[in-house]
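The first chain written gets the first letter, and so on, giving A, B, C and D; residue counts start at 1 in each chain.
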Amino acid sequence: MSIRFAILGAGRIGQVHARAVDGNEKAVLAAVFDPVEAAAAAVAERYGAEICDLDAIATADDIDAVVLCTPTDLHAQQIELFARAGKAVFCEKPIDLDSARVRDCIDVVNETGTTLMVGFNRRFDPHFMGVKAAIENGSIGAPEMGIITSRDPGAPPADYITRSGGIFKDMMIHDFDMAVFLMGGMPESVMATGSVLTDKAIEPLGDYDSASAILRWADGRQLSISNSRRASYGYDQRVEVHGSLGMAAAENEHPVRIEVATASGYARPPLHDFFMTRYIAAYANEINAFISALDGAAVSGAAGGIPTGIDGLNALLIAEAALESATTGRLVSIAG
Amino acid sequence: MSIRFAILGAGRIGQVHARAVDGNEKAVLAAVFDPVEAAAAAVAERYGAEICDLDAIATADDIDAVVLCTPTDLHAQQIELFARAGKAVFCEKPIDLDSARVRDCIDVVNETGTTLMVGFNRRFDPHFMGVKAAIENGSIGAPEMGIITSRDPGAPPADYITRSGGIFKDMMIHDFDMAVFLMGGMPESVMATGSVLTDKAIEPLGDYDSASAILRWADGRQLSISNSRRASYGYDQRVEVHGSLGMAAAENEHPVRIEVATASGYARPPLHDFFMTRYIAAYANEINAFISALDGAAVSGAAGGIPTGIDGLNALLIAEAALESATTGRLVSIAG
Amino acid sequence: MSIRFAILGAGRIGQVHARAVDGNEKAVLAAVFDPVEAAAAAVAERYGAEICDLDAIATADDIDAVVLCTPTDLHAQQIELFARAGKAVFCEKPIDLDSARVRDCIDVVNETGTTLMVGFNRRFDPHFMGVKAAIENGSIGAPEMGIITSRDPGAPPADYITRSGGIFKDMMIHDFDMAVFLMGGMPESVMATGSVLTDKAIEPLGDYDSASAILRWADGRQLSISNSRRASYGYDQRVEVHGSLGMAAAENEHPVRIEVATASGYARPPLHDFFMTRYIAAYANEINAFISALDGAAVSGAAGGIPTGIDGLNALLIAEAALESATTGRLVSIAG
Amino acid sequence: MSIRFAILGAGRIGQVHARAVDGNEKAVLAAVFDPVEAAAAAVAERYGAEICDLDAIATADDIDAVVLCTPTDLHAQQIELFARAGKAVFCEKPIDLDSARVRDCIDVVNETGTTLMVGFNRRFDPHFMGVKAAIENGSIGAPEMGIITSRDPGAPPADYITRSGGIFKDMMIHDFDMAVFLMGGMPESVMATGSVLTDKAIEPLGDYDSASAILRWADGRQLSISNSRRASYGYDQRVEVHGSLGMAAAENEHPVRIEVATASGYARPPLHDFFMTRYIAAYANEINAFISALDGAAVSGAAGGIPTGIDGLNALLIAEAALESATTGRLVSIAG
């Protein structure tokens, strides 16, 4: 029997998820909601889904799961609404920019006993999954140190930055989640710094476009993160974990694997220029993992199962501590 | 207005093409035929297509194009049938194992004035397209020499080999087409050799599992090809063209880009183990190119447009000459 | 006319430098000193040098330059001795473990007007020089952020660690110098952390075997460093600088560039297992640069000339601040 | 006790060998001969050797071994002279351009019982040795097929080409030796073709600048070779052997391992531009192997020991057959 889905938010990422739901044999895209009628209509027609409003989806007997691609400030209340309505919920990160609000939301979800998955898509990237697998299968021994590098092709518009929570909660949060995912367990403290190097327009917004952090676990393990909102050569996403027996590293994904050698040397095309093409496989994999989790199947690939509300909270707690460290110049303990 | 498609043959490759047609906004998968009813039904249900028989498709007013994924020995007559019925035809390679039959078929197609595309999918692989683009944009100057390496994970079953036309017409034919595509113009002669190195069961079938060839153009340009039906490490597909100003090379596609370094050195996962995952992008691209061609749009990517009947014939002529060279130990001129 | 050299300390690194002096057409290895007579004799015989004691070298009219490969605690006084004697001095790093002592020593050198070069050999590594050149020629624009990774195959003996000054002054000091060399200008502050992860015997010595740091310049530029005394796969030495127009990165040097592909994937041999083979070219290059500097020639390769006493002092000042940060958990300003 | 050497021919390659002899602790460079007095004097002075004429070297009691870097047309008679004089002989390839003359020379050597090593330096390249080792240790199973690519930065002067014996005997001969070295055993037949693509001045000399060949062993094994006298991006030297269990490949050696990523993609510096820097390690290794062989030690690295007269003859026999094939367009059997 098929799992029947509704998608809320039919924009860019909503369309990606709609396609993934439609492509999974165990799922059906039954309903779509978007305040922009044309957006909802486009998805509805393409996948044979019905256009519904929020309440209709919440009360529909034949909707099993919802995918929330709505604005961040609606996430927490919508999670609660649908959890109480007995729907499984997939929510784009973050649940909320405030950890206290996230805690409350998780409490509600726990009371209802429903499944909440948070969209940390990078856990489902084939390359990062390969690193995770190398750790899980013992190839590199116990993880000791890590290095994560994330550089975006360019900074988002000021408007987005204002609502984003800042570089630590918006961009480095992916790396914090990856750090926990790969190293295992929550870090105890963080040192961080941030500055504006690429786009002076960001300065008056009180945010940074360049940031570095060192996470430290109670047992002395360490992981360095370097973020920049600028990368002329494309979407630069690298992860490496160094353990007692060796190192596992995920390299950048080059969409075209050619080499052109001339008198000036060897040349290769740049990386992906957009996160949605870079993570196209990850997006499909995460929806499939969500469906498998609902279907009771063991979730293959992302060892440790799907990321849930706790994972969303953990990454946010690290981000809050990193922001405090960048502001105060002190090592900051991470709330438990 | 949409281009309405019928797919004939709902097996493995038929399903791949069905998905590509369905995913293209300018096309609709309207009909499907397969003698195996369950196969036809699966595609019909998944994409909302109708199950039809051959004649119904040929005579249907609302079918514009057909995709032939039927057995090779039916290709030529089906191309002629549908060409005469005024349908555009996409046909999996080869048109036929006999070049005389192919010439007749092309004559019929030319009389009808319809579009015939032959499924040389590798022309639409992003990496090989990158090499083609490097040649077209002058980066490496005039092509002088080339090296193509194709190794399959394992030999196909004896049953398949018997009907395949042998390694030159079945496997190296892709490389012959790639050679013409990249170097430009038909080679004048070929030297080739073949042997059985990986699977002794192939010997009594009169075929080879390992073959090498050197193509030579009238102006002295040369290209070497090396084929093996065995590659423990996956689907090994490399192409390089060396020109007056430099070299352009397409590397293998690694599905997982990680590196695990331990005391025994650096390790990477193997290549794709199946041609359908290796060429997943190429299969989608070629159907999109076919649709664009029918739509009157310039075909982006594969410079020089879509491969047609002449390309199918050319590759086959080279294969026939290579087989003769392998048998006689002489350089063999390629029929014009 | 040849520049006549004396080498003090005929151990491992002394022999490397002796060979480099001998191999340079503008230099002659005239004298050697080592308290271990056999060591001095071996070098003397191999290169036709005379065995001399310290004073004889200092007072010899026909010695132009000395290379100090003596124990660290003798460096400062020997630099002063030979500077006053009018000899040019090449000294292995560090000048001293205490920055106040280094400042005094530099004052003496400056008074005498002699040339002092400090052995930051990595500035002369072909790969790191390549990164420096990419910065100098404008390829990557203004440097914004950096990442340096240094991992040694294994920890040195406890005896060495006790006298080394600890991981920041002994190991990460190379990375601090590289940071200044590549990013340009002294950083303003540092955050650092250290722990014992690989060898519990290091704990009672009050040192770390694993350390991370973030350098920050006054204009907001940032550079992350990650150090480990363990790397099963060899001597791991990577540097990358990210600028406004792009990134320049030096990869590890693999002594054997082969790939072996089997059913378990692709394998490569490990890295160099010893710093003297890893940096064999750098060691020869730095002595050649010293000789060129003495010869009045522009020093090619290492833009900005040879590293002098100030460079030795600067790296030490960063190391002292990093140690304080690791101890206090605070961002520490670096003394000017 | 030291092995005492004389070097005949103090040009470019003679100097390389002189340095290698001098650097080996078991050898002494005692004598040097060159008709150009200044050349002889330079080597003599640098390494403390005596300038001698041919006869003096042949009759000297205290010369154990000679290194012949003289013109090719003198090789055979000089080998015979020194073999009869009881000297071990290292001779640059080829022994002679005519296989009959080579056979005679080998007969003389065999009668005298001396050691003759032929300078197939590539057998001592660290990367090609790595491929050989992978074959020897069973990693890739029994070798089945091979691909060798050799491209030179540019064609030699017409004067050199005239005396060289042509591309098959001068350039591809290295690949023929490598093929025998790696695949094991002599091939049975060869198909080859050649043309002039890069330098029209070569045409009237009756030689080619571009050539391809397929070697075939009696058991059906195959190896493809592609040669060009032009490579804008440097000295391109690759080797790969494909076996029943996998593939071993030697990649090009990049002197500077950096990557510069900008908006136009990733860039790397070109390859070595000169064979003497590309093969610097191989040249030292081969002289060391010769000395070890004379010293009675097992020759490490190049499994199967040093290349001798037979190896020189074998490669030449393949080259003669390849030339015949290129001329006649027929598969040509290789003389036993």
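One rule holds in what follows: contacts are C-beta pairs under 8 Å (C-beta built on N, C-alpha and C of every residue); 3 or more make two chains touch, one makes a residue touch a chain.
Model, not experiment: these values are computed from the prediction.
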item	value
Repeated interface matching C-D, over half of the contact pairs identical, chosen among B-C, A-B or B-D	A-B
Comparison of A-D and A-C by number of C-beta pairs in contact, larger one	A-C
Chain whose mean Cα position lies farthest from subunit A	D
Subunit A and subunit C: spacing of chain centres that average the CA atoms, whole Å	41
Subunit A and subunit D, separation of their C-alpha mean positions in angstrom	56
Subunit A residues counted as touching two or more neighbouring chains	232-233, 236, 245-247, 261-263, 269
Touching residues (chain side subunit C, partner subunit B) in the complex	232-233, 236, 261-270
Interface residues, subunit D side, partner subunit C - complex	126-127, 129-131, 134, 139-140, 245-253, 255-263, 269
Footprint of subunit A on subunit C - complex, ascending	144-145, 147, 149, 151, 189, 191-193, 195-198, 210-214, 216, 219-226, 228, 230-233, 236, 242, 244-247, 329-331
